[in-house]
Every structure is written in C-alpha cells, then in structure tokens.
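Next come the structures, one after another.
Paired with subunit B in one complex and with subunit C in the other, subunit A is shared by the two complexes that follow.
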Partner chain A sequence: MRAERLTRRVFALAAFSSAAATVMIFVFMAALGLPLLAQGRFWQALWGPWSPMHGNYGIRPMMLGSLYISLLGLVIAVPVSLGCAAFISVSAPKGAARLLHGLVRFMTGIPTVIYGFVGIFLLVPLVREISGRGSGLCILTAALVLSILIAPTMVLFFADGLARVPAAYCRAVSALGGTPVQRLVYVMLPQARHSIAAGIVLGFGRAMGDTMIALMLAGNAVAAPESVFDAARTLTAHIALIIAADYDSLEFRTLFISGMALYLLTTLVVAVMRRSVARETEQR
Partner chain B sequence: MNAAVEKAVIIWSWASATVLMGAAAATVGFLLFKGVGTLDLKLIFGDADPVAALMMRQPVFDGLLPAIAGTFMLVVTSVAMALPVVTCWPASLPSW
Partner chain C sequence: MGDPGPNVILNNPGGGMPVDDLLYLVRGLFGDRTLGDAARFVEESFADHVYRPMHRRRSLRCRRPCKKHNDRFFQYIEQKKYDFPIGHPDSFCGSCTLQSTVLMLFCKKKKGDVMKRELTWIWFLIILLVPAMAVTATAGSLDAFKDQSGGLKISGGTAHIPVMKAAAKKIMTANPQIRISIAGGGSGVGIKQVGEGLVDIGNSGRKPSENELQKYPLKMHRWAIDGVGVVVHPDNPAKRLTTDQLKAIFAGKATNWKALGGPDKSINVYTRDAASGTRAVFWKKALAKGDITATAHFVPSNGAMKTAVSQDPYAIGYVSVGHIDASVAPVALDGVVPSLENVKQGRYKVARGLYSNTKGDPHGLAKKFIDYLYSDDGQQLVAQKGFIPVK
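Let's look at the complex of A and B:
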C-alpha cells in the first residue's frame, strides 16, 4: 500500500510539474519584461511601431503579422480539412479513404522547415508572378504553406470526430432513406462539433506558434502589413531574429513582451473558441 | 436536400482531398527530384570511412553524420524526459 501511495505521489508530481512549467514560463517572461514596465514604456513597447533607430521598440506590427498569417492560414485550411474529413468518412472509395488517412498521418510528421524550404522554391516564384510585385515573400505565401502544415492535424481531429458519431444515428438516417451526404450534413457534422472545434483550436495554436515557415516565407518586414501581398514578421520569427543577434539591450528586453503577447494572444483566442462551443452546447 | 447541393458537397470533398494529396506529393516529390542524385554514403560520412566513423574512431568533417547524431541524441533525450510525465498523467490525476 505504501509503495502504491508513493508511486501515486511521484506520478502526480510529474503531472503537476509539467503543468507548472507552462505557468512558470509565463512568470519568467513577465519578470524579465518588468524593467520595461517600470520605465512606463510597456504600452509603447506593446502597441508602438518598431524602429530601434528612433528608440521605438513596439511589437504591434509583429502582433498583426502573427494574427493575419495564422488566421489566413486557418481560413484556407479549415474548408480543405473539413472536405478531407468528409472524403474519408463519406464520399471516398474504401481504399482511397485509407490512403488519405495514412498520408495525413505521414504529413503530421514532416518537419516545418521542410515545408518552408520547399515553399521557397515552389510557391514563392508563383506568388511573385501572381501578385506582380515584391519578392513573393509575403503573408499569402506563408499562410498557404502554414495551411498545409496545420491541415493534417485538423483532418485527423475532424475524421476522428466524424467516425465517433454513434452508428445507430447513421443507420437511422439510412433507414429513413437519407443519402450519405444528408447523413454527413444533418447528423455527423453537428454531432462531431466538439472534435471540429478542438481541431480548429489546435490548428490555430500550431499556426500561431510556428516559427520556421513565417521566418522563411513571410519576408520579415517590420512595418505593419496592409495587404496579403505585403511582407510581414510574426512574433515568433521576431523573437528568433532578435535572439540570434543580441543579448543585452532594450531591443532584447522587448522579446519578453513579445513572448507574453504571443502567449496571451493564443490563450485568448483558444479561450474564446472553447467558450463559444461550450455556450452553444448549453443552449441545446 | 437539393441534388445540386449534394453534388457540390461531394465535389468539395474530392477537391479537398486532391489539394491536400497534391500538396504532399509536391513537397515530397520536389525533395526526391532534387535530392536523390546526391544521395550516397559520401553525403553522410564525407571522406571518412563509414565503419570507422560509426565506431567513433574517425571524425566526420564534411558529411551529415554529426547532424544526424545530434538530432538523434536530442530526440532520445527529450522523449526519455517526457515519457514518465506523459504516462503518469491520466492514471494519477484526480478526476477534476
């Protein structure tokens, strides 16, 4: 019995320490960002422009860049992922469904740097041709590649959710003379809404947190972007770029503000999405 | 449900699957197309003797082996650290 209790404690300690690590990271960033707060430059650092020559270290352009790129990536990836999940669970011939499922699993394992690398050679020239200006390194390029990165994760969640709809419901639709598409639209999709929401939240989290693709494909301009063909810099790419060049300056201090902003933005969007799903469930 | 809508849903699902498979094929195909030509032992071991390099008797200077070994060590170490935490999570946590 004592051994059992000890094991439980060790296990609980492992579990709580992994949860505490997340909180500690935030506390660490807040503590190191404090000097800026004390100097009363917090808002300027959070919402001002980035021009170190004039003493402005605002991260607003990077926050906008992060949001634009990940939201656009999500907007492209969600319909494609949902379509793939529908293909796997309803419209595909048997072999094709298994093939796509296997391929999607394989794609989740491809490192992001590979997507970025291939994107530079295949997609950047194409976007440059289409937009007719700039280098082709822009929000659209990064968002397109990002959507390929996050789609497999979402497809797995969506397909899993659709597969877990009770077979009795599906049989009931068939018994009433419903077609497979009617079964999908009227029964399976509404039933799987939690998995779909979870997939979207996870996809967004991955999109916000990804560094390599934005760093390699978005152009890293520090001006606030105004169109999808403008170059932009994400918070993650900004952190990577500054940390590679600097270790002790005001510029470096703002990294902790960037880290906190990234953390809070992601948490906020995830919380809002979860909340809306929960509220919608209560109403039913 | 309208027959046209049904057809649109089917087309949308096939189009989505094609787009994703095409993206994966383009990514992997591009890498293979560009990379297969350079794939040989020299790429990994450089000018060193493969067996001697693997036994750590000879250093590899212009091959990929050090990078492969570094990646492998990093992955093994991080999995070894994460495994106890992950396996303990569901079993020990109170139900709240």
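Let's look at the complex of A and C:
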C-alpha cells in the first residue's frame, strides 16, 4: 500500500513540476520584458514595425508572419490529413492501410531541418518560377513544407479517432445499407470530431512552434507580408535570428516580448479551438 | 577499497591511464565480445523476463541473483580474472533477473553489495576522458597556459566573438584553472572599457581614433582581416556595380536587374541578422550606413547566405571574402573584385582589421592570449571562422 501511495505522489510531483515549468517560463519572460513595459515602449514593441536602425523594435510583422504561415500550413494540411486518415481507416485494402500507417508514423520522426533542406533545393526554385516574382523564399513555400511536417501527426490523430468509433455503430450503418463513404461522413467523422480537433490543435501548435522551416524557407524579411509570395519572418525565426545580438541591446530585450507573444498567441488559438469543440458538445 | 582482489577498478595490470581501467573493465566482463554481443547476451538470457506478457508483468520485480549463481560469479572472478562465461549455463538462471545481473556485473566481492560508487566513477570517467583526450591530441600552442590560473576579461567588437570564443574554449579546456569571460558591446565599448581598466582586452573592428588614443595609452594587435564581398548568382551577368548602384539596391530603390545589365527580373536582396559582424562592415563601408530595405531576406550565417544566393538566380547578398567560392560570383565594386589578395593588398576597401587592444603592453594572461591568437593554432581558428589570417 505504501508503494502505491509513493507512486501516486511521484505522479503528482511529475504533473506539478511540468505545469509549474510552463508557468515559470511565462513569469520569467514577463519579468524580463517588464522594463520595456515600464518605459512605455510595450505597445510600440508589440505592434510597431521592426527597424532597429530607426529605433523601431515592433514585432507585428513577425506575429503576422507566424499566423499566416501556420494557418496557411494548417489549411493545406487538414484536408490532406483528413483524406489520408479516411483512406487508411475506411477505403484502403488492409495491406496498403498498414503500409501507409507505418509510413506516416515514420514521417513524424523526420527532423524538420531535413524538410527545410529539401525545400530549399526542390520547392523554392519551383515556387520562384511559378510565381514569377520574388525569390521563392516566401510564405507559401514555408506553409507547404510546414504542412508536410504537421500532416503526419494529424493523420495519426485522425486515424486513431476514426478507429475508435464503436464497431456497432459502423455495423448499424452497413445494416441499413449505407456505403463506406456514407458511414464515414455521417457516423465516423462526427463521432471522431474530438480526436480531429485535438489533431488540429496539436498540428497548429507544431506549426507555430517550428523554427527551422520558417528560418530556412520563409525569407525572414521584416516587412509585414502582403501576399503569399512575400517573404515573412515568424516569431520563432525572429528569436533565433536576434538571440545572437548582445545582451544589453534593445533588440535582445524585445526577445522576451516575442516569446510572450508566441506563448499567448498559441495559447489563445488552442483555447479558442478547444472551447468551440466543448461548446458544440454541450449543445448536443 | 583496501582489498585488491577482484575489485575491478583497483586491479589495473596496465598501471596506465584511468581509461585503461575502463577498457580493462569492459573487456573483463565481456571477454573479447563486442558490446553488441553483450547486449544480445542480456536479451537472450532474460528474454523470459523482459518480454513477459502484460498480465505477468509483476515477475519483473528486481530479484537478487540466486545463491548458486551469485557464488559462481565470484568464483569465476577469483579464479579466472573476470573471464566470466557469459551465455554459459554456469552464468545465470531464470530466477536471476535482469536488474540484479546488471548490478552484479559491477559488484564487489561482498555478495550482492552493489558498487554504486564505481558505477558513478565509470560514467564520470567516460564523460571526462573523451573530451580530455580530444584536447590533449591537439595541444601544442596551448602549452603556454600550463600552470596559469586566474581570470581574463574580454569585451568589445562582436565580429571577434566567434574567434574569441573558440580560442577561450580551447584554452579553458586545456587548463580549467583559467576563466575567460567574453562580452560584446561593440568596438567603442571595447576601447572604452579596456582604457578604463574594466577589462583586460578590448576588441574593436577599427583602429582606435586619435581622440581615444590621446585619452588611453592603447596598444593594438591586429590578428585578422575581415573583408566583405558582394555576391550574386554565377549566371547573373551583372558582375560590376558602383557604390551608388549598390546603395540603391540595398535601400530598395533599384528593384530590377535590367538597368544593371542583368535579366528583366526583380532583385532579391539578402542580408544578415543584426548581430553579424559581416553586416556591420558591409553596412558601414559599402553602404555608408545607408538603409537596408525591410523586404530584404534575412539569413543567419555566411554559409546560409552562400546557399541562398547560389540557389536564387536573381539574388544579391554579401559574404565574408573567405567564404566566396564557385557557387557564388563575386561582384566587382567600383572595379575592384573582392578577393583575398585584393583585401590583403588594401585595394578592396570593404574590409577592416580585427583588433584586440590592451592598455599599454599586454602582460600575464592577456599577453599569452594574444600570443595564442598569433600562433599557428590561433591563426587557423581565424581562418576557420572566415577571416583572413595576418600571417
């Protein structure tokens, strides 16, 4: 019995320390970003343009860049992932489904720098020639590669959700004469929507948090992007680029604002997604 | 620990470095078998226990080795000097579980007494010896730092930092008694701080001005030259630019290659992050502190700049001269091609010396540090970090 209690304590401690770490990181960033707030530069830092030469340290272009790239990545990846998951769990022959599932699982483990590297040599010239302007290092390129990065995670979540739909429901549809596609659309997808939402949230989190792909493929320009063929800089890439600046500079200090913005932006979007799923469940 | 006998750590026939102990230990436990064999042995011997199905998992509890095998293990150790017949029926039976065996492999003569200290010791050795050996192999110019101790404070120019860090790392690994701290701040800060005696070495990417030299009795040591060349894609015919054209391009005013003798395509400007020393020289000497357009692409390093420009036929960027190779084409600025030779001769102007300044003649650690920068090793570091060595 004592071992049991001890184990429980260890679990509680683990949960507590991971939660505490998250909160502490936020507090740390807030504390270090505070001097800017006190100087009245906070809003300027949050919403202004970025041109250190003229004394502007705003991160609005980076926030927009982060949002555009990850949302576009999500828009591309969700339909593909959903289709892939549906294929795996509904219409594929058994062998193909297993093969595809294994492949997707393998893909989740590929380091992002490899995608970035391949993107530079294959996708960037293609986008440059097709768009006919710019360098090919742009939001679209980064979003495309990002969608490849986040799709496997989402496929696994979606497929998992579809597989967990009670077999009795599926058999009932078949007994009523429903085709596999009808089964998918009317029973499985609605039943699996929690897994689907979880997959999307996780995919979005990965997309927001990824640094390497944006750093390598998005061009990192500091101007606010106006089209998908414009270069943009994400918050994560911004942090990676500025971190080398010396500690006393204003540039470096605005890093904490960037960190906070990234943190809050991700939390906000995840919270909104979760809330919408929860509300929908209540209504039912 | 006083008892020699089968104490694996103490019993060191070679009597050499501690790493021999480690090798001896591993060989003693597993014969001439490789680690792969050892792993296979553990797996085969205990497959039962490791791969037991879920509902029988509790049998995985850590059990002490059975008396028979425990005794035999030590018999072997005593008689045959660690040549324990792994995989032999004499070794272990099913009731000696995985954990106890692994622990037993590292145990003392006293039955079941786990030699925790030795286990830690082994990890300690591994962690410590591997880098230590790597360092001893490359020592030489570092001999000067033997028997030295104390701190050395360096600040100033950020372009110097890569070389400073690399040199400090080598010195501090060779002699942990020395502590070297490196701060940025910029050339002005470096000169000021060393003049005021706040640091031992103040780096600057320019010669101290007359004014500064009047104020402080500075000695400057130029240990590298940093040249920055404009580069374009090798297919781009626009390989000659004037300073004014360059300024217009980087300010975002000239946006098409056509006017400059290139294809009818928009110019993609690439630049470096703010902490880059390369950017600092380029901005100051080539652009005369002019604007850099906000739509410029940012790349994080000289290498990344090269990759980006070599991949983009309409790109223009700048790299440290040492980095220019066949994948990118250098652009002649006002008729002078950026090459190592032109920089050395002083014909190519977008270049500067990297200076380390001391207050008066350097002495003690500061002298040794600067001597190290001038040594073959130091100059090799200089070249590695993309600068032009002065020797």
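Please note the rule applied: the second predicted complex is superposed on the first by the 272 of 284 C-alpha atoms of A that agree within 3 Å, B and C clash if a C-alpha of one lies under 4 Å from a C-alpha of the other, contacts with A are read in each partner's own complex, and residues count from 1 in each chain.
The rule is short, and it goes like this: contacts are C-beta pairs under 8 Å (C-beta built on N, C-alpha and C of every residue); 3 or more make two chains touch, one makes a residue touch a chain.
Model, not experiment: these values are computed from the prediction.
Contacts of A:148 after superposition: subunit B is touched, whereas subunit C is not reached. Residue contacts after overlaying the shared chain place A:194 against neither subunit B nor subunit C.
Of the two partner chains placed by the overlay, only subunit B lies in contact with A:115; subunit C stays clear of it.
With both structures placed on the common chain, the touch criterion links A:60 to neither subunit B nor subunit C. Residue contacts after overlaying the shared chain place A:125 against subunit C, while subunit B stays out of touching range. Using the contact criterion defined above for the overlaid structures, shared-chain residue A:15 touches subunit B, although it does not reach subunit C. Residue overlap on subunit A between its contacts with subunit B in one complex and with subunit C in the other: 121.
Across the complex, subunit A is touched by residues 158, 183-186, 266, 268, 273-276, 291-300, 304, 307-308, 311-312, 314-315 of subunit C. Those residues of subunit B that touch subunit A in the complex are listed here as 1, 6, 9-10, 12-17, 19-21, 23-24, 26-27, 30-31, 84-85, 88-89, 91-93.
By the touch criterion stated above, subunit A contacts subunit C in their complex at residues 49-53, 120-121, 124-125, 128, 133-137, 215-216, 219-223, 230-231, 233, 240-242, 244-249, 251.
Of all the residues in subunit A, the ones that touch subunit B in their complex are 8, 10-12, 14-15, 17-18, 79-84, 86-88, 90-92, 96, 100, 103-104, 106-107, 110, 114-115, 118, 121-122, 148, 151-152, 155, 179, 181-182, 184-185.
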